[in-house]
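Each of the next two complexes has chain A plus one more chain, namely chain B in the first and chain C in the second.
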Partner chain A sequence: MITKLAYKNILGNGWRSLINIFILSLVLTGMIWMQGLYDGWSRIARRQMQEWEFAGGHYAHQDYDKYDSFSLDKSFAAVPPKLQDLIDTGDAVPILYSAGIIYPHGRLTPVVIKGIPAEQNILRIPTTHLRIQDPDTQILPVLIGRQMAKSINVVKGDILTMRWKEVNGAYNAYDIQIVQIMDTPVPSTDMGQIWIDYDKLNEVKALKNSCSVIVLKNQAASTYVGSPWNFVSIDQSMKGVDAMIQTKRVGGYVFFVLLLFLAMIAVFDAQMLAVFKRRKEIGTLIALGMTKRQIIGLFTMEGTMYMLLGSVLTATLGLPLFFYFGFQGFPIPQQMSDFNIAGASEPIRCYYSPIMILSTFMIVMAVTVFASWLPSSKIARMKATYALLGKV
Partner chain B sequence: MRKLLILTLLISVSVGMVFAITAEDILMNIDKNMTAKTTWSSSRMIISTRRATRTLSSVNYSKGNDISYSEYTAPAKEKGTKMLKMKDNLWLYDPSTDRVIQISGNMLKQSVMGSDLSYEDFMDDLELLESYTAILDNDITYDNRKCYKLILTAKTSGLSYFKRILYVDKERMIPLYQELYAKSGIKLKTMKLSDVRKVGNRWYPMHIVFKDELKAGSGTTIINDDIEFNISIPDYYFSKAILKK
Partner chain C sequence: MNETLVQINNISKIYPTGEGGFLALNKLSLDITDGEFMGIVGPSGSGKTTLLNIIGTLDEQTSGEVLVLGKHVNKLSSKESASLRANKIGFIFQTYNLLPVYTVYENVELPLLLLQMKKEERRKAVMQALEWVGLTDKMHSRPNQLSGGQGQRVSIARAMVKTPRLVIADEPTANLDTENSINILDTMLKINQDIGTTFIFSTHDPKVIQYLKRVVTLIDGEKVKDDYQTGI
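Now for the complex of A and B:
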């Protein structure tokens, strides 16, 4: 009976009910879409970083700190025999890092030189371009990313000079030729990075088969190697990007918490007005034997129904939107795709997990039920005679 | 008469052979002129870039090749900046933040105050005879002075510049021009030394132009306005305590 009565009351409220349902639907749609966007972004970033940088995880030299460029020239060691077997079978790829300086158009520009085997196929970096045909060549082929090319103002085919220090401290320098400008979506493989053949970098650094990191094709291949190598899992590698996306997600939450608050005010206001307008009706219901708990239940049920109808509207109006952004993706503006964030270079396909949808629904539901219950709780303390006289 | 001529010729050749200067002798003489137990100087560093030229003044104290201290006195923006080098360590005091920072690692490759000298160059004081093997090449005339041309190759693998070419003034035993090379043979930097003056019992260049050959711009000029050698400098000048004084 309460459900039927609540439904009739909602219909009786007319436009006010419609507006409440619409606002709740808007909040629900927005919250699901926003969370789907950030979850989608996180998934793309993870996929791209695995494809271009970490694959199945990597071993890093214990002295290497990606946030400290000073660590570059001391964080290398000979490839351990256990991992050499994986490299030989194509299940791992060694990468040597070195600090260096290039001089595009006569400007001194510090870079990180990364030596990677030309024949590797674990990472998507197009390393085949790094093959050196003539071992005595004085011009070394290198790869750079599009953002890097833009920032130093070079194009494919340009030749410039690169300088670095050998392990023993002597300066070495070669002319390098940009043989390919790659479209990498991962900024840490692009900005300030010069990719060169692994063996050649070892040679010109006066090293032999030494590297700074060893990237594994599959995480399952990870094994204890011992000092000076530390295994870094994909989750550990993703920490920085995850934290950045989480920061942006929290920023989005603030907006939707405000919107949810406004929706709560709207429901609360509608219920408050209903209590005021229907005080004689409430008095009559109490006089007819309805308990106070049933009266509160009636108003709370009305609030819950607002939410349920809002969900129906969300399903009707929001679904096409969810499907569109789930399949076509949300195009990132050019200004933002230039930021140093992985996953921002291609349209973000929203990802809506059932847990996320259910938890969002539950949050909005709880808030709506609370906003409906609050005004009606006063009724519980009302005497039927006062209600019939219109004294609340 | 014919025998006398041959004898004279033989004596001349022998005397010539006895007194022929070797590359090592030249390096030893350069080191004698360019290095000292202690040095004090008042100098200006003129930095020319594509956009502007600016001048920094400093007073400098050094002890041997490993220890030196400099304090910038002008312009106002750099006044009070101090730099202390002790062997492989370099500290910089920045008066605007009142902090001492140690320059190390990759930062040593950065240029000093935007000049063509890196912090590593600043630290790269060495005795040539000790560090390089020299070959005497053909004589050359440079800046209207008769010069020896020396080709230097590093004795050890740890030197910054694997190869150097020097034009050394025959009379004053001062390198008037230097080319510094990477191991691959690419010319990295050049130095032009001029205004050679007698300071005490040695010759010394008062004007040095340092140019990074890979970088645009006309280089960095160092002018020694005043210089003194082998004077007494208190040890206090070569301690970290001087930086925050």
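Now for the complex of A and C:
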């Protein structure tokens, strides 16, 4: 009965109700869309990092520290036998890291050289280009990413000099030729990276079948292989990217907290006015035998119903939007794709998880219920005698 | 049949105001018996509404004793007094106080919803009440589509639908013309005669006073007269 009365009162409230409902649905739509965008981004980033860099997770040499380029020259070891089996069956791929220096247009540029087997097909790096036809060649084929090519201003076919340290500390130099420029969406496979054949890099560093990381094809194969190898799951690899997306998400939240606040004010204001304007009605309901608790319930219900109607509006007006961004995706503006972050290279398809939608509803619901309950608590202190006052 | 419904012993009501409070009722005593058709009469500001609010358990006296249906009004919890009103007391207001968003039918049905009556029973009672006031044909209208007289008849139906022991009507004809006033008074008198519901009015309208079988006159919060009439 209270529900029906509340519903009718809202209808009777006309455009004022409409505005409230509209604001609430705006807040809901915005919050769901925005979170869907970030969740979608995170999923794409994850997928791309899996495709291009970490597949099902990887073992890393314990001395390797991606933030310390000096660690590169000590963080390698012979492939452990246990993992060699996986490599032989094509279920893992070893990658050897080395610090190096190139001289594009005479400018000294430090790089990370990555040796990867040309025949691998676990990662999407187009390594077939790295195959060395002539074993005696003095010009080594290498692959770089589009951003890297842009930043050092080279094109396909260019020949550069590259130097690196051998294991004994002596510097060695080779000429390299850019045989392919690849479009990788993952910056950490692009900026400052030179991809070269695995065996060749071992050879020129005077090593044999040594690597810095071993990337696994399947997520399950996370067996312990012992020192010096540490297993790094895909979740751990995602941490940095997720943290970054999270930061951006928080930035977006500020806007929606403001919107939410606006919605709260709108409902609060509507209910405040209602409590004041409808004193006589409240008095009448008391005279008819309603308890104050029932009346507070009625007013709170009215506010809550704004939320429900707002949700309905969200469902009808927001759905096309959600579907559009869910399937079509959100094109990343140019300056955003320069962000040093994975997932910023293709349209982001929003991803709406039930938990996210539910929690968003809960938050907005809690806020509206509170905002509509707050004014009605005034009713508890209201005089029942208003009902019999002759004045309107 | 001659049970005392309302028993008022030496009550005073002081409204708190800036300087010491305003004495709205002064040492008033009054008994109202089951089945009466009586009125509190007096000029504006004499304390009629104050007295009805107290009898209707919407307000409390400052001193003295009030028993409604055998219960000490000022000892009831707010829940108990709500239940007493929901079950036993009907109100008719000067300004009708119908809920504008409800239809006539729904307005009359509302008190029964509070009693959690079943739908079929509710329907019967609502139709009966609308018949008493002659408004069965208006049951789907909204209050703003009614004339003043019809509005007040709906409010009588709403008060009567739960067949209360006691109906309190505060200046029910103040907003009505003569014809409508007579009409609703006839309606209420008929209900009083047919089913014995007790009516307590407040009024200073001579048309109403004519109908009353008992007239209690208030001036400045004091009972100055208590007459039984046999006019009608």
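Throughout what follows, the second predicted complex is superposed on the first by the 385 of 392 C-alpha atoms of A that agree within 3 Å, B and C clash if a C-alpha of one lies under 4 Å from a C-alpha of the other, contacts with A are read in each partner's own complex, and residues count from 1 in each chain.
Basically, contacts are C-beta pairs under 8 Å (C-beta built on N, C-alpha and C of every residue); 3 or more make two chains touch, one makes a residue touch a chain.
Bear in mind that the values here come from a model prediction, so they are computed numbers and not experimental data.
In the superposed model, A:T247 makes contact with neither chain B nor chain C. In the superposed model, A:E166 lies in contact with chain B only, and not with chain C. Contact with chain B, but none with chain C, is seen for A:F70 once the two complexes are overlaid on the shared chain. Look at A:T284: by the touch rule set out above, it reaches chain C but stays clear of chain B.
Legend: residue contacts after superposition of the two complexes on their common chain; A:H105 is shown touching chain B, with no touch to chain C.
Counting contacts by the rule stated earlier, no residue of chain A appears in both its interface with chain B and its interface with chain C. Those residues of chain C that touch chain A in the shared complex are 49, 52-53, 56, 58-59, 78-79, 82-87, 89, 91, 93-95, 97, 99-102, 110-111, 113-114, 158, 170-171, 174. Interface residues of chain B facing chain A in the complex, by the touch rule stated above, are 50, 104-107, 109-111, 154, 157-162, 182-184, 186, 188, 212, 214-217. Against chain C, the residues of chain A that register as touching in their complex are 1, 5, 8-9, 11-12, 280-281, 283-284, 286-292, 294, 383-385, 387-390, 392.
Those residues of chain A that touch chain B in the complex are listed here as 69-74, 99, 101, 103, 105-108, 110, 138, 161, 163, 165-166, 168-175, 204, 206.
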